[in-house]
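Notes for the one structure printed next.
Should a chain be cited, it is by its letter among A, B, C and D, assigned in written order, with residues numbered from 1 in that chain.
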């Protein structure tokens, strides 16, 4: 990878900030919320707290800290997630059965590791700084999962408890949807420069694009409701065969966390619990199958990840510091009232029509850290742009997120594109 | 059913005692232990605390307490278990996903209901007394499940935490196994008298038995190990076809909670955690399939439930007040050192070779309480005698417990019989 | 077992008759019909032809015929069904994938074995006669399965081809259903005498019965339709819990081979294809779950197998030589127009409320033949009386058939009983 | 699509040739082989014969032939495969249960449709010619499936019957594997000109490639065996996570149709039955997961479909008329003895590292024929080059085949590529 952007004191400050944020995200939970795994994709919150800690102990302290004593050998085994090279693991689907170690033990584990890390960081070893930056990005990824896993735990509970109550936003009207043209040409793709990026954003290379246009904002609940009311979920002509089979088998008829009521569709939100679906808010918690079907119904298509990246660099060249990231604590996408607000960064991850595959000359690293991205490069689709659950300092326009086409528990949404 | 054995003050005292015992059984748990369901048969401990409370609210307070205000309407829906006539339910397999209501809410619910029940009991309404006795027996059944569910939660956790540490018993030697003869004849079966029994113990009727003999004590771990070492789990000639298919598919090679180690088999126990298997202790946590195969290997057979009941009335006519019931808090069967200790009551439930079917003129009650026993009368086998997890005041020689032949998480064991 | 009823020439004649009948039952099939297995319980017809032949080769010719040459060693492996002691097997669920050996090879195999058997039978060895009789009863059991498997293959094909067209019976009206009383008492159960029986009909023993009454005929389609129209399949109060869960999961709403049409329910029959359901015909192709629920809806219950056997000996002491057995070639139950026709023998197998368990002093034989009945004695219910697919010379009032409670592809039906 | 290359007489001749070839491919089968479906991906041969006929009846005769009488309305329903717009269908997984219509009926159906088609083709309607050409390409695709489905039916039967015996080839030695360089540049991709192609080969467009080199021939059994012997199937560092999970769950340890024996690995082949694995033959019947893992083990990678197409145009610009296509009737890939034989066309389909996604400006057609390719564009990987089961006149260098990464029953193989 690359060298760190952090000075020795900078990395210590960032270490404290990121580590505290994980605990802060869990603060509204009750004790039982930490332990369960209501879906195989969802990990218990206490598992995230332990696993992100394990990363620092296993990959940094064990190798670089003199005389470091592990907190408990057994926890190393517990909190390994998928690093095959790191030995046997608790089966992912059994995480929710592991009531022990309990939360208090895990918080002690965090304190133990944080203390040792802070001492180690004082030595200003560049390799430690580099690995620590990696560990913090790893933890930020788990913060996004933590929040979406918490949403699953609370949002499928029939009591629909509020996570963190926020001031209810005033009703707002979404700007008109238009299409922004991008001329054909040869464009650069991927990360450049010395700052941190994941291996999958490399190598920097050029692609050829034809003329296209990209939607000026995200698709709204209201627009998606028209697709639903037009029989969208039943009309095979809009769907991939595998997609409509999925919808039929699981009886999917609406986005995740949408529940029918006598007064129409309701939606579970972290900040307000169960509320009526607001037609001006961006639609979220839909899978690629649905995004692809919606786009065909709308007479459009999804952008490729290359089209998306080029459009982002043109229309949103700067990362909005006050954008809808997790730090804003809205915990939900918000309305684009201004036609110049393209919502390309933040709010929801945007499904593209690109499979998650290696870029040319992709540098798959060796060893355990090499497993990080390179072993998921089949049967997943790329998402771009970050979401309201993503930390601001974690995102880049070149960032490639990826999920299987049926996954819906992340904050995912729809951006249209068109040939012109 | 029958009239209550309790005087008005007697029922109040028993109410307090039973209700406190449920909470006492949970006292060693950590917060996370209350919430999970690591197997579809296992319910979260907090669910048991809520469901046993729901019984009193739903079947007694709602009908008999003037101006009773329900604690929370939604909990009524939550804590219904299988009473189809009581409306929609949380799917049994989803109980472990329901982190809310949390434990503190459920304890408030218990206090609310207990308070109202105590007031109601002061009115000395005989029907209330009768239903309360029923509710307490219901709660005692759930106490046994609570303890065995807790054992599953802790005993499949790789940290093998101790539940409640007891004084380690001195090593003891099991008495020799002999066979006690019972002469052929016409014998009475089923409950008589006015005291409480479940509907499935009725009607009292006679059966004909041929000469047989019954094992003088339970089968031990050491005896069962010889079956295992003799290839017992692989040799189809000892098994029901369905049984060996079950063992092969699930790769069952030993009783539940037995784990191989370099020093031989170890066993998870509630009172001592993971310990070496003691050959003199009764074998437990085996299914009917295994009990039946073991008996054939041993050149014997399982008793029918009628043979068992007759033998019990002959050889253990009295319920041992200081027997190995849950009140003794050994939480595990103990060694029969004395040849006159036949272990027929307490220690482990004994699989019989009788299917769980209605007795002649079985009085299936109407309404929700009628669902209690009568709708499980297919594909289950009868167990007799109670276990170290059974409350003393809950058992009778005529008591019929029943489980599917693959179930192993209860304290179940083997009693042999023979034709003579 | 017992000695044979056959003289040396008698057994040869019976051998020819039974062996020819298997081929005759297949005569209406097209080539493809022989090969498939549309349900795990259904075996391809050519498999039955091979397996019944294998029995004679494997258990008789291999041991008793001098210089016998096996037809093809590989077929021995192919046609073993469940005799674990006879080595590895083709997985039961894969039988329908085995297009080879083809039918012509299997018919050659039959000819080869039949020729050797006829030669061997001329030697008049009593043990050979005894085993041959056993083999013929085994083949007769497979003839019943052959016919019901053929019904499944043809009756789930949307072309609903007729198997063997018979003269359409004139419409007939079922006699009124009454209840025939049987007095309480001590009754003998099980087979006696020297003639052939299966091991599971032994040992002969006595049971005690209370007063009861038994339905005068089988339940009809019309009676069953009233149960259906009364919401029978949805009303849990009539069902075992396991039964209604089965009906819900598989969306069972009618007997097997019943198909809805614009003109009401239609039913696939072997002799006439798809026809309107005749309300006077006995209902058939229902499982124990449905029989049990129907009986409860009707305010009655199923008989135990002991009650059934006693009633049969009283009300139908003789086997009707011209009864509705497979030799009559109606291939469907027929209407009981005469109040004295109790339909206890023939027409449909009658579900009882007895689990299939060993009789006292059940003599489970050793070796491969010992696997025949004794290893199915769990989670199955007893059926009595034979059906329109049963060979006349195969049945007895003491005959115990057994299936799991969800099985419906046999000719199964309902007989009510009542306490009096 | 495009206009036809065929003159009116040319299309009639091609019609006869293709239609006869389907029947010819089935000639070695026994009656039972036509009916079964031993795997959900495998269709019964008689289904292919019917379905390819249905295409002509449903899409051509029904619309263009005056007074055409359908052979049997019900067959239209039977032989629809996945055209959702054409109404309800027999579930794909139930095809193997449908013994009726039998083969003779289907052959009558073919004759009926062929007769009507020949009459219609005499009218020389250009639209009919265009649709007929489409129907013949459709039938050629099913011919490839027919042969691979037959291989599955025979190759998983423990008798391993030969399909069509060919002269055994003399042992041959594979040429050395080298890597052929291709310079970086802008290259044209996709079909051009007026001749037939599938919609998924359009639109013609340019891509940028970096320098790379492509393997001079296919990977051999011997090379693959070294991967196996090096623990390749167990070493996660070579695999996609999803791939190694697949191999573990299904216990995949070798290519499909490889069976262990005392003398080493054997392989089922259509032309010789079960034979020892020849190390010089190309490896085949492996999935993308395995191809990808092998490439990583070998220090190389799979080519993208664009690299493959460019390399093919450079190194094999002409389609080898005497190549290893289905017309050669070797039914297996053959050895590349000559270093100039690159095996790019014919032998086996070559897995690429490109997901099956639409080309820029992909023209997804409307209506039923539009379902043909466009609805499979998720979770499938592209294969290139055709195989020994592909008809010569069916292939092009721009041809895009596609399967899920676990599929192995096609003739699939490995071509390596490298960055240079």
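Please note the rule applied: contacts are C-beta pairs under 8 Å (C-beta built on N, C-alpha and C of every residue); 3 or more make two chains touch, one makes a residue touch a chain.
Just so it is clear, the model here is predicted, and its values are computed rather than measured.
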Hopping only between chains that touch, the fewest steps from chain B to chain D number 2
Report back the single chain whose CA centre is most distant from the CA centre of chain A. C
Enter the angle, 0 to 180° in steps of 5, of the rotation superposing CA atoms of chain B on those of chain C. 180
Quick check: how many Å separate the C-alpha centres of chain B and chain C? 38
I'd like to verify one number: the distance from the centre of chain A to the centre of chain C, where each centre is the average of its C-alpha atoms, in whole angstrom. 59
Can you check how far apart chain C and chain D are, centre to centre, with Cα atoms defining each centre and the answer in Å? 46
Quick one: which residues in chain C touch 2 or more of the other chains? none
Among the chains present, which pairs are found to touch? A-B, A-D, B-C, C-D
Interface residues, chain C side, partner chain D - complex: 30-36, 38, 46, 74, 77-78, 90, 94, 96-103, 153-154, 156-159, 161
Chain B residues within the chain C interface of the complex: 82, 84-85, 186, 205-208, 210, 236-237, 239-244, 288-289, 292, 353-355, 357-358, 360-361, 370-371, 375-379, 381, 405, 419
